[in-house]
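To start, the structure itself, in structure tokens.
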Amino acid sequence: MEPAEFITHSGGAIGVAWLMIALPLVGAAVLLLGGRRTDRFGHLLGVVTALASFVVAVLAFVQLLGFAPGERRRGIALYDFIPGMATKVGLLVDPLSISFCLLITGVGSLIHIYSIGYMAHDPGRRRFFAYLNLFVAAMLLLVLADNYVALFVGWEGVGLASYLLIGFWQHKPSAATAAKKAFIVNRVGDFGLLIGIFTIFATFHSLKFAEVFPAAHGASQGTLTAIGLLLLVGACGKSAQLPLQSWLLDAMEGPTPVSALIHAATMVTAGVYLIVRSGVIFQAAETAQLVVTIVGVATLLAGAIIGTAKDDIKKALAGSTMSQIGYMVLAAGIGPAGYAFAIAHLITHGFFKADLFLGAGSVMHAMNDEVNMRKYGALRKAMPVTFATFLIGYLAIIGFPLLSGYFTKDGIIETAMEHNAILGWLAVLGAGITGFYMSRLVFMTFFGAKRWEGDAHPHESPAVMTWPLIILSAGAIFLGGFLIVGNRFMTFLSPAVGLPEHLPEFNPVSLTGLVTLALVAVGAVFAWFRYGAAEVPAVAPRGSFLTAFARRDLYGDALNEALFMRPGQWLTRLAVFFDNRGIDGVVNGLAAGIGGSSGRLRRIQTGFVRSYALSIFVGAALLVGAWFVVGNL
Amino acid sequence: MGESITFWVLAVVSVIAALGLVFSRRAVYSALMLGVVMLSLAVLYAVQDAPFLAAVQIIVYTGAVMMLFLFVLMLVGVDSSDSLVETIRGQRFWAIVAGLGFAALLGLGIGNTLIAAPKGLAVANQNGNVPSLAELIFTRHVFAFEVTSALLITAALGAMVLAHRERTEPKPTQRDLSRARFVEFGRHGKNPAPLPGPGTYARHNAIDMPALLPDGTVSPLSVNRVIARHEAEEGTLAPEVAQILQQEEEGK
Amino acid sequence: MNGTIQAPTIEYALLAPMLVVFGAAIVGVLVEAFAPRYLRSAIHVPLTLLSLAGAFALTIWQAAAKGIPTKAAAMGAVAVDGPALFIWGTILVLAFVSVLLIKGEDHFVAAASAVPGSAEEEQALHEGAAHSEIYPLVLFAVGGMLLFPAANDLLVAFVALEVMSLPLYLLCGLARRRRLLSQEAAVKYFLLGAFSSAFFLYGTALLYGYAGSIDLAKISTAVGSVGGQDTLLYIGAAMLGVGLLFKIGAAPFQAWKPDVYQGAPTPITALMASGTLVAAFGALVRVFWVGLGGLDWDWRPVLYGVAILTMVVGAVLAITQTDIKRMLAYSSIAHGGFLLVGVIATGKAAAQNASALSGILFYLVAYGFTTVGAFAVVTMVRDAGGEAWHLSRWAGLGKRSPLLAGIFAFFLLAFAGIPLTSGFFGKYAVFQAAVSGGALPLVIVGVVASAVAAFFYVRVIVLMFFSDPAADGPSIVLPSRGTAAVVGLAVLATVVLGVYPQPVLDLAHSAAQSLFVR
Amino acid sequence: MTTHYLVLSALLFAIGGVGVLVRRNAIVVFMCVELMLNACNLAFVTFARQNGNLDGQVIAFFVMIVAAAEVVIGLAIIVTIFRTRRSASVDDASLLKY
Amino acid sequence: MPWLSTLIGVSVLGALGVTLVRNDKLAKQFTLAVSLVVLALTVAMAVQFSPNGDKFQFAETYNWIPAFGVHYGVAVDGIALVLILLSAVLVPIVVLASWHDAEAGKRSVRTYFSLILVLEAMMIGVFAATDVFLFYVFFEAMLIPMYFMIGSYGGAQRSYAAVKFLLYSLFGGLLMLVAVIALYSIAGKGTFMFSDLVGTIQDVTTQKWLFLGFFIAFAIKAPLWPFHTWLPDAAAQAPAGAAVLLVGVLDKVGTYGMLRFCLELFPEAAKFFTPLVITLSVIGIVYGAIVAIGQTDMKRLIAYTSVSHFGFIAMGVFAMTTNAGAGATLYMVNHGFSTGALFLIAGFLINRRGSQYIADYGGVQKVAPVLAGTFLVAGLSSLSLPGLSTFVSEFMVLAGTYEKHLVFAVIAATGVILAAIYILWMYQRTMNGPTAESVKTLPDLNAREKWVVTPLIALLLVFGFYPKPLLDVIHPAVKDTLSSVSVTDPAPAVPVAKEGQ
């Protein structure tokens, strides 16, 4: 089934959908411009605007549900942004975007609330909330935009917010560097996206979804493939897919709520959104789709492998995020059959990964911002609520039956298996590794012996931090089942992305599912023996070649350094040298040459009158001679 | 035919004289050589139906201008002879190259020109050379002629400016001068009498001989320094004079 | 034919401006002879200024009221035509201005006959003696300048050349300070001037031989008709060219210019750089256009080369100069090159010739005023020993005396041809004529030379404004009224010609429209 | 014959020119210039006969006058500088350069 | 009402007035007042401009020098109008920003502010000129006040930089002069009025030569690679305010000239040289960015970023599509604001610490958060972050170029990545990290400085989200220009059903 028509809309909550964006934006503006005067209530304002936005989203959702499924693509026009290129830009409220809106504003609000506690002692808390609000606004613009330009504005806007938040503790050089790196790597992706947008514009002379998608089939295969691949580059950058993954691990320099909100639940999933949103184009370009799935699988494995070797709790979780988004991308590459699973996994992942990150934050909060898991251990008693919620998140992510991840991830694996067996089995393998590294993480943190250092007095976090954990873990438990069983979500989403030819049926005892569960169990058990039951050394053992490989992020940074940074630095030095000595050298050399020739030539003017007479005499002879020559020509 | 002979003789003479002008060490010789050229040219003018110019050439040029040259030469120092060693690098070489080239260019150019037989001045001179010239000068060229006066006035004025010094105090009389001489004698013991004349003998009657004092020695005061220097250069200086000059030199 | 001579007709009214100047010069000489010393200056200055002003008035009157004559005057010896009248007017104003400068300060030697550094000189200085002969000499020179560009035959041209030059030779040697340099300048100028006039004369001789006449018009007719004697014509024209190009200081005959400009008393330099240049260009254009007009296919390539060489030599050599007057001299050489570009811009059409000629005329006016102004400023920047010639002494002048430095900078910008100064329109007029005359490559060379030339003008501005002043920098003399008037007038001319050149362009146009009488 | 006269005149002119270049005594240099002027005069006189009009002779006459005036000025200048420097060598007057 | 003459006249009279004021402080206030009056008048004029009316509006034409066919002719189309607006906006800001700049070296304060106003008059004149000769006059004369501003009030190497700037530009200008003259004589119309000259040169070879004459001058002015090396020196040595006017407005004359004169007067040549120009532009974009990355001096770095940005503008001009042309024009305006902000804030920073070297800073954000924040916003505008107006123009230029010159646009787009590197790396080295000892006591922006920065950032933001007012004015003018070059935008490969049709 094809996606539904776009319908121009006004009125109701959808009519004021722009408020979703505007509210947090105003919040950010007030907080940034207001300066220290807003310090006192800044965090509250941040939370209120996020919540307000959530309320609008819910109302819009309800209103949307009120329409018949075929009429659920509601566009609202705003204004002429760039006359000639992006005329009459507006917002598009459809099942896909509203799902994102709910996730962003919902999880976002929770994380806002959590941050009140987490950042309580930070002098820059107001600024933090401003940035968070800015992020929420940009992210909402990204998903609500009804055209590629506005999408790109949001796209880069979230990049900016991410930059600001990763570098929030800018006095730490590592944070500043990580922020810059994130931005630049994202820019590489954006470069691809930008070219993709240009190709779309050059092909269709329009950038509006409503105009481009219906006409997409008219374009040549080559063009569509090119567009698809270029959009994929953009998606890779934002969603930390291979080969543009390297920034995500460094991005953990930011405060933990940021990691939860941006680098786990929402922003990094923008790539998935882009692919799903542009599904019409991808479906018309099989090559592009194939590449998408390959990238997804490669990343899900890579992320998982990285996750196995990290001792930094946040980096381990970041690896896991990479991996999970790899699943989503894989699903998004499959087509309508995978879209619903991709988005559903995206949503559930938003919950449980946020839960895990915030839990990790809670742990760090308790451990004086220690992130090395080798210095944790036996925290389950010290922080019971955190432990419990973390455990739920853990079970959800490894796909423990009946928890959210179980439904969504298995859906992806099944679909992949149906689509292409190799991809499917690789996805299964990824699930097994997930079982291992997540178990490792939980065991190292909450089980085993205390390996705390110095004056660590772990304690449970305040309610303002634990309540969001509880709510998120609730989502982690129930959401998956709710969405997947009976293809509820797939049907809901269909007006936006279409339906596959035959609807999948949920089969709790499929072969794939069983194998997956078995592998996960093996991984978890193996982890128990290595990290739960056994003594965890305080310093990481050297480990095998594989461990080193994983620890060093699969040599991603080394590769970047060797391929881009070093040659880049060299090129820069060369260019500067060339500019100073080459181009400027020619100019200055010319000037010096004229000056020098002047210095030499003036010696002709010897001061001897006889020399002057000679020059006149010779000149006269030359003049006569020249006249002869010319005259006789 | 007569013209040819005159021409060839005078051409050779004038070219040699011109070369002499350029290459003689002494300025006076150069001046005399220039005189020779001018006189030769005067004759050539006469040969070419320009008797008036020939006369003017002799009177004005050779008579006045050359005299002026000689006069200034005397003023500047007739004894000074140019060293012909060239000090500017390449000057002489290029001068001669350019000179030869120039001469060749002009000579070839003019020599190759097809020149018809001269029209001659018989018609133009039918009223006589001088009246015809006068007519031209006072009609067609009268303005130039008048303007030339400005030139002459300028010349006179210029000479005045550069050479004439207006006296601003009364001219000293004989009396003042002799008074001054004796005051000088009183103060510094400077001889108030005139210097002794040169020695005049039967064998020598020239100013280049020094006077002898009663004891037969040479009087240093009577030695003409300029001449002595010349003779020293030529090696004809009398030994006793040389000795005295030597002593004087050391005495300083 | 019995020895009676028809009295020549001389159009006194037409020649009046020149006659007034010569007359005043002779009166000046008489004053010199008969007036008591203390009165001389008091008589000379007004006499000189009045005569120049009167001559100017007569010129204007001639041009405005009586119309431009179409026939040569004084039995065909002098051509008082449109260009000549325009040039006369220009020279007279410039000379007037220069005289103001001459009288302004004590630029001249107290006693020329005294050996520098001798007791006599001391005494003369002490008594405040001064050579008032300067004024008649200047008038004679100006008379020559008037006659030179109006000369309708080569004899008059030669005589005028000498009338113009001889007083200048003398005046060059009369600087009050640095008398060695001044005398050296005189001797160099004189020897080279005499040398070059020999070339001029020889050229005249050959042209006379070729055409049988020295009338420019007759030479012009002969160029078309006489056959078989082209060599005479070529050599003659070339040698004549040597004499003329020497006077305007075109390369390779430029060598005298820097030395003479540097050594001469600054007001005389100003007169030479403005008046003489104008006169020499007038004569050059007349000789080449009227006399050798039919030969333009031959002389144009030659002058092409000369113009290029002149522009390049002038611009390049100026870069490393450290003496302000010497630098201005080289700049004057370069400007001579730019003007030559205009000379080359002739064409077959009269309109083209007129536009080229008007361009040259305008340029001459513009450059003349600016250069007089610049030299006037040079006279005002003084050290203990006289004018502060060395450029390093000019450092920081902008702070010490912003007004003066600003004015000088303005003149320099005008030399460089920056828009909204007179120099720009001058250059533009000439280049425009050249481009429409088909001399585009020359204009490109000119443009490059201008850029190089801009460098040394700009360098002086850098020195004056951007460098810190020397600790014992030169003092700025409070200008006399004359000097102040000169500077003021020059600024005014440079501004007005730069912002609203139309009236002067109109004048130049109408002067050029009639072209030369033949 | 005309050609002969002209060649002679050219020769004298060139010799005068070379003289100006190689001699250092200012007076001699000046004499060489005079030689050049004389060469010109010869050409004028020759051309006058060639062309059958007296203009050439008139010019030659003027040249003599001009030359006389020039000599006065020139020698005055030379004498002045000689008195200052005690040297008539033109090479000594080379302070102004470059 | 003769709007344009009034603008020029007010500026000139203001400049004269400033020199007459005896008190420095009063002189500054007077200058500010004059520049604000000019701004108000400009805005009043802009409001009356009708985007779809005549091409040139507010036209005034008087004979100036009939002998040369020169007129005093001024008028504006959309392109000129927005650039005049840019100048009028920047001048008061620069005046305010330079409040104490001239005092640092103990040089004449009044002269400095007078020069600014003179410059303003000429900037307005150069954009408004409809007579090619008048344009040239302003084009060259403009150099002089800037020369003095750099040379008298600049940094340690000021005289070198000033001379280099002047000679470079003068040289280009003189080449242009030759072309101007040749244009006049070849056209043979006896007039320099732009409208009369358009279309007169038919011969393609002639067009090419004349094009080169104009183009090199503009390329030096803009500055386009490889004629750019004067800019880093000039901009680094100039006082910040002068640098803003130099890079923000003066250099725009180059790209403006390309758009107005190179394209319309010599359409065939422009088409012929398009590949060359675009190649140079693209090289400039990438090269400028790479060299910027390697700079150690903040102002030089900003100057090199401008080299890169001017590459974008020139590319947009020569891409010859409506979007690229309009984008390039908008870019000129935006770049003025963006680089203006960068230079001014960098200037504030440099004034505080007394060093231009990046290495001398670190961790400024801690002590001067407002300064750092505004610096970041300015920097982000330089890297064309969406939401800031520079994005719109860069997007339009790239998209417009892509339509016709795919490969060039793609290479040029790498500038987007490089921009992120140079800006963020500079920001990191100066503002982030541990606070350097030497900057610990730096004060944050004061009220005056905030007044300088606020309007710039506000404009960047407003036009970042709502560039329509500018584009509405620019579009018809660019379309007109392109139609006189007789090029049309390529048609889309796949036509789409436009909404509402």
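In order of appearance the chains are A, B, C, D and E, and numbering begins at 1 in each one.
Operating definition for what follows: a residue touches a chain if its C-beta (ideal position, glycine included) is under 8 Å from a C-beta of that chain, and two chains touch if they have at least 3 such contacts.
Since this is a predicted model, take the numbers as computed values, not measurements.
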Mutual neighbours - chains that touch subunit B and subunit E alike: A, C
Shared interface partners, meaning chains that touch subunit A and subunit D: B, C
Chain whose average C-alpha position is farthest from subunit E's own: B
Central subunit by CA centre of mass proxy: E
Chain at maximum distance from subunit C, centres defined as averaged CA atoms: A
Geometric centre distance via CA averages, subunit E-subunit D, whole Å: 65
Inter-centroid spacing, subunit D versus subunit C (mean Cα positions, whole Å): 25
Centroid spacing, where centroids are CA-atom means, of subunit B and subunit D in whole angstrom: 14
Gap in Å, rounded to a whole number, between the CA centres of subunit B and subunit A: 104
Set of subunit E residues in contact with two or more other chains: 167
Per-residue overlap in subunit B, given as positions that touch at least 2 other chains: 88, 91, 94-95, 98-99, 102, 105-106, 109-110, 113, 115, 141, 144, 148, 151, 154-155, 158, 161-163
Residue list for subunit D, restricted to those that touch at least two other chains: 6, 13, 16-17, 20-22, 24, 29-30, 46, 50-53, 55, 58, 62, 66, 69-70, 73, 76-78, 80, 90-91, 93-97
Pairs of chains in contact (touch as defined earlier), listed by label: A-B, A-C, A-D, A-E, B-C, B-D, C-D, C-E
Subunit A to subunit C touching residues, read off their complex: 591, 594-595, 597-599, 601-602, 604-605, 607, 609, 611-613, 615-616, 618-620, 622-624, 626-628, 630-631
Complex interface listing, subunit C residues touching subunit E: 358, 398-399, 402, 413, 416, 418-420, 424-425, 428-429, 431-432, 435-436, 440, 443-444, 447-448, 450-451, 454-455, 458-459, 461-462, 465-467, 500-502, 505-506, 509
Residue numbers on subunit D that touch subunit B, as the complex places them: 1-8, 10-19, 21-25, 27-28, 30-32, 34-35, 38, 41-42, 45-46, 48-55, 57-58, 60-62, 64-73, 75-80, 82, 88-89, 91
Residues of subunit C that touch subunit D when the two form their complex: 112-113, 115-116, 155, 158-159, 162, 166, 169-170, 173, 179-181, 183-188, 190-191, 194-195, 198, 201-202, 204-206, 208-209, 212-214, 258-259, 262-263
List of subunit A residues in touch with subunit E within their complex: 8, 32, 35, 79-85, 88, 149, 152-153, 155-157, 160, 163, 167, 170-173, 175-177, 179-180, 183-184, 187-188, 190-191, 194-195, 197-199, 201-206, 208, 210-212, 214-216, 218-220, 223, 568, 571-573, 575-576, 579, 583-584, 587, 591
